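Shared between the two complexes below is chain A, which has chain B as its partner in the first and chain C in the second.
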Partner chain A sequence: MSAGVMAKTVRGFTQALGQTLLSEHAAREHGLLQALDPRVKLVGLLALVVAAALSRRLNVMVALFGLGVLLAVASRLSLLALAKRVWLVALGFTAMIAAPALFLTPGVALYRLPVGSLAITVQGARSALLLIARVESAVTLSTLLVLTTPWMHLLKALRTLLVPVEVIVLLAMTHRYVVLLTETANQMFESRQSRMVGRLSGQQQRRLMVNTGGVLLSKTLEIGNQVFLAMQARGFRGEVRLLDEFRLRGWDYVAMFGFAMVAVAAVVAGR
Partner chain B sequence: MQEEFQGEARQPEALEFEADQVSYEYERVPALRGLSLRIKAGERIALLGANGSGKSTLLRLLDGLHFACAGTLRFRGAALTEAAMEDDAFAFQFRRRVGLVFQNPEIQLFNPTVFDEVAFGPLQLGWPREEILERVHATLEWIGAEHLKDRAPYRLSGGEQKRVAIASVIVLDPDVLLLDEPTSMLDPRSQSQVIELLENWNNGKKTIITATHQLEILGEIAGRAVVLERGAVVADATPAEVLANSEVLESANLIHSHRHQHGGVPHKHPSQYLRHEHPKS
Partner chain C sequence: MHIPDGYLSPSTCAVMYAASAPCWWAALRRTRRKLFGRTLPLLSLFAAFSFVTMMFNLPLPGGTTGHAVGVGIAAIVLGPWASLLAISLALTIQALFFGDGGITTLGANCFNMAIAGSFAAWAIYHVVSLGAAPDARRRVVAAALAGYGAINLSALLAAIEFGIQPMLFHDAMGAPLYAPYPLRIAIPAMMAGHLTIAGAAEAVMSAGLFSYLRRNEPALVGISPLAVAGAERGARNLWGALAVVLLLTPLGILASGTAWGEWTARDFANSAARARIAAASGNHALPAAPPVGLARWANLWTAPLPDYAPHFVKSAAFGYLLSAMFGVGIILGAAWLGQRLMKLAKPRSEP
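Let's turn to the complex of A and B:
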């Protein structure tokens, strides 16, 4: 991978992350999930994630994934963006992890490779599919929560559910830190590129990556610390405060009941 | 029991900050060395010094973000210590009265929209909802940024970011405003907008402490100039007196020899900001 490709990748990642984490466009849309109280959304979607994790049946996981897609549409989220930024990425990572199970799980051979004695087994394929379906549905449901809830509302919801202040501060800082990290990485690559002529050898590229990683870490730690000071300077002490306090309405109770029913049904049917 | 601030209504000349032999170091690298300074209510002070002279560190100490390694620093009679700032009641009172605008607005702006950014401070201090809405709108209007309220701060221009950063502190109407290089990295128009904002806000009743190394704005932002060199005060006088003291300015690395030509005749003087005679060409 050339330095140009690396810089381009980092830039693309930075822009996507900036749009997703900072602009909160999706969270301000007038959609189904956006209309719910963040506490209901947090508990409800997490219950579905747990149900997906506990389920052992493919059809239940597919149903949960389908529900996630329906909720995304009802919340005016772009399915194309979800596919590119969430489903494909999750698929890629999970497929890498699941691939060995295709061959290593003992069972009936489904397809024998033309070279060597390796064979994909029915049981292996089923395990890999289950893992992929479980991850895709869990990631989709968690992403819905993050995309349809302003970050500070999410933190406040966690706090009302008695998550300790220390964890809230950690999450608040991580959110800002991730953006800073990618922004700084982008600037570092651009700066390096502007002073570079020709191509780097593989060894030079690896050294460059390692050096950049080290400098990036120390730089962003420093900036992250400065951001925390800036938050403290304006009175932040770990408690999240919002302009509008959370208030449960009729629709929230309906949604709470719906989430609970689906989660229980998924756990029972998925055993 | 935490010490309390002395008095609510600040009379002119009342003591705001008192630093006595304050030292501070970053991992064994000294940033402030036995610094002593008294700051009174309503003063407009410029902290002058080259990069690394300790200006930003001093501002962070004055804002209760860092704490003196040696010596004492007091705000309205109460010691500014880590223990004091851990006390919620003390910290609340202090943050209500003292605000800091950071040098790099990107550090200070961490909310998704400009409106959220300006509302962040009042929310932390637990102001009533209606008051927050009113004050945020009034402040945004005052800095001419009402139209930016729904924009993401990180997408604003440098001048706009700086104005929003100032608004995010001024909205709290603090008694003391600390500014770290408020006009650095700004184009001339944005610079004058920021200075104008500060002049209009001050109205002669607030204490404003500005760290800068830009001598050209000194007369506009301060009635008193404190020169720092290697973490200590080396001069404390009126801006005119400090500007006339080329020896101190040169020693503090605030000016350097300025060379140019008049009709082909080479000419040299300590700084373009200091009074000097030109040769007749």
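Let's turn to the complex of A and C:
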């Protein structure tokens, strides 16, 4: 049991690190979305996510999902990885949440269960399908953005949405330390796991996890001090400047027009 | 708790972004001055720490496991404004990079967990630990309650956001367009898990990390030699203020008349006193005799220092001063006695 909890935590860390590597790798592929200016991609794909959220029609959501799949193929993303990482996870989670709505939503009975007085209603089925389709299409489109854009480019592109420069610096630093602290926590758990013989009681497990958290926090603060000193040594005096190397090319204007047309069409058709 | 895209209508998402934006702006303004000192890496690192602790599988009584958000300890260490920024950063990285929580719902998630959670945790910790000694067990309980209260408030807000969707957004047939459950289902369904598993995880993590920090990094949780010195200075100031107020007590004799409602049975027989009572009561007609209940209970207890003037003291001002010193002495004596009794009942203050 004790090994199970630690193993589960270590597995979570490994998956997170693996996901980071996968994203970095996918963002370097030579595909359709990778070739676009990050600002166009950010605004365009967000517009499609909002269009999916606004839509009230199932066929529009399915069409947006289909567009997401086409863009993934054109961007050389593995559909199998997308299915495992995004589609199945979102489907499982949303289906679990939506399932009771089949019976609990009041309306016209579509199918009455042979046992008991429960009935699937037309409204319940429609509501569950709408929810699943909307979540799948929105999650697919937002994942495309993350998988096809290097993190630093994505952060710089956020300036287009008027995000303050301080927030962008904080996000960039946070992301870097997320990877560092995940790695550190992973090593701490692995070293503890390798020295563990026998089983721990629930209270001992809790103490172990909380103490590990405490040590991680101490390390975090120590790193914070070192980072601050390093920043000062490099001449940091409180001013933040971002290099803006983005340049819009002809293809970006075409993509911008395409995203805008599809988003407007989806909003109009989905009403 | 991390609401994904598609569960809330775009208008709800817009409202939640609009509600969060002023808080982010105010937090940035408040921390901006410090942001380019040590706070910059500290805030990022705390956000990263919060992110990593969310992945800890915490074993809970009953054999299950839960995850903590870390909002309790962040609010205690960083204060509510920096905490809301740190947790918002962690949630943004989760949404943008790991797909945990949606992009359109990021405003709602930040409002529920980072903003409401940080302020709730900070307020609960400070109210529960008010006046507690640095090493008091009550501070650990306060940290646990801060985490527990914060996560449950966040869950309640998320449940309300879910629950209003079917009321506001449905198609012509009545099928809900977004989260399908009304408030009467959404609130109990959401709170059941948070009042038990998620709340317990947050409470355990907050209390555990607080105990760890108090032992190893006391300055971070406001407990340090400096903090103690500050408390001593504060206490000295309080003693000084108390002395000034004591010296000013004779000012009470400058007030004319009787305090409204503090009449004695004898006042009803005195014509001058009756006139004053009537004048102070909007000339409402007084009964001819003192009310029966007042007459019966008025002499139940005779004060040792009636009218703040012991009978052996001739000077009214000195009598006021003596009465004030006597009253303050009784209160301080009672407080000291209570403290001694609590210490006797609790052999060890540190868990």
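The criterion applied here is as follows: the second predicted complex is superposed on the first by the 173 of 271 C-alpha atoms of A that agree within 3 Å, B and C clash if a C-alpha of one lies under 4 Å from a C-alpha of the other, contacts with A are read in each partner's own complex, and residues count from 1 in each chain.
Operating definition for what follows: contacts are C-beta pairs under 8 Å (C-beta built on N, C-alpha and C of every residue); 3 or more make two chains touch, one makes a residue touch a chain.
Computed from a predicted model, the values in this text were never measured in an experiment.
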| item | value |
| --- | --- |
| Partner chain(s) touched by A:I223 [first = chain B, second = chain C, both, neither] | both |
| First (chain B), second (chain C), both or neither touched by A:E24 | first |
| Contacts of A:A185 with chain B and chain C, given as first, second, both or neither | second |
| Chain B versus chain C as contact partner of A:L58, first or second or both or neither | neither |
| Contacts of A:W151 with chain B and chain C, given as first, second, both or neither | both |
| Which of chain B and chain C A:G214 touches, first, second, both or neither | second |
| If touched residues of chain A are counted for chain B and for chain C, the larger one | C |
| Which of chain B and chain C A:P106 touches, first, second, both or neither | second |
| First (chain B), second (chain C), both or neither touched by A:R234 | first |
| First (chain B), second (chain C), both or neither touched by A:V135 | second |
| Doubly contacted chain A residues - partners chain C and chain B | 23, 151, 176, 223, 227, 231, 236-237, 239 |
| Sites on chain A touched by chain C in the complex | 1-2, 5-6, 8-9, 12-13, 16, 19-20, 23, 46, 49-50, 52-54, 56, 85-86, 90, 93-94, 98, 100-101, 104-107, 122-124, 126-128, 130-131, 134-135, 137-139, 142-143, 146, 151, 154, 164, 166-167, 169-171, 173-178, 180-182, 185, 202, 205-207, 209-218, 220-221, 223-225, 227-228, 231, 236-240 |
| Contact set on chain C toward chain A in their complex | 4-7, 9-10, 13, 24, 28, 32, 35-38, 40-49, 51-53, 55-61, 63, 65, 73, 85, 89-90, 92-93, 96-99, 102-104, 166, 171, 173-181, 185, 204-205, 208-209, 212-213, 216-217, 220 |
| Interface residues, chain B side, partner chain A - complex | 60, 63, 65, 88, 91-92, 95-96, 99-100, 102, 104, 107-108, 110-113, 116, 119-121, 123-126, 129, 132-133, 152, 154, 168-169, 172 |
| Complex interface listing, chain A residues touching chain B | 18, 22-24, 150-152, 176, 223, 226-227, 229-237, 239, 241-244 |
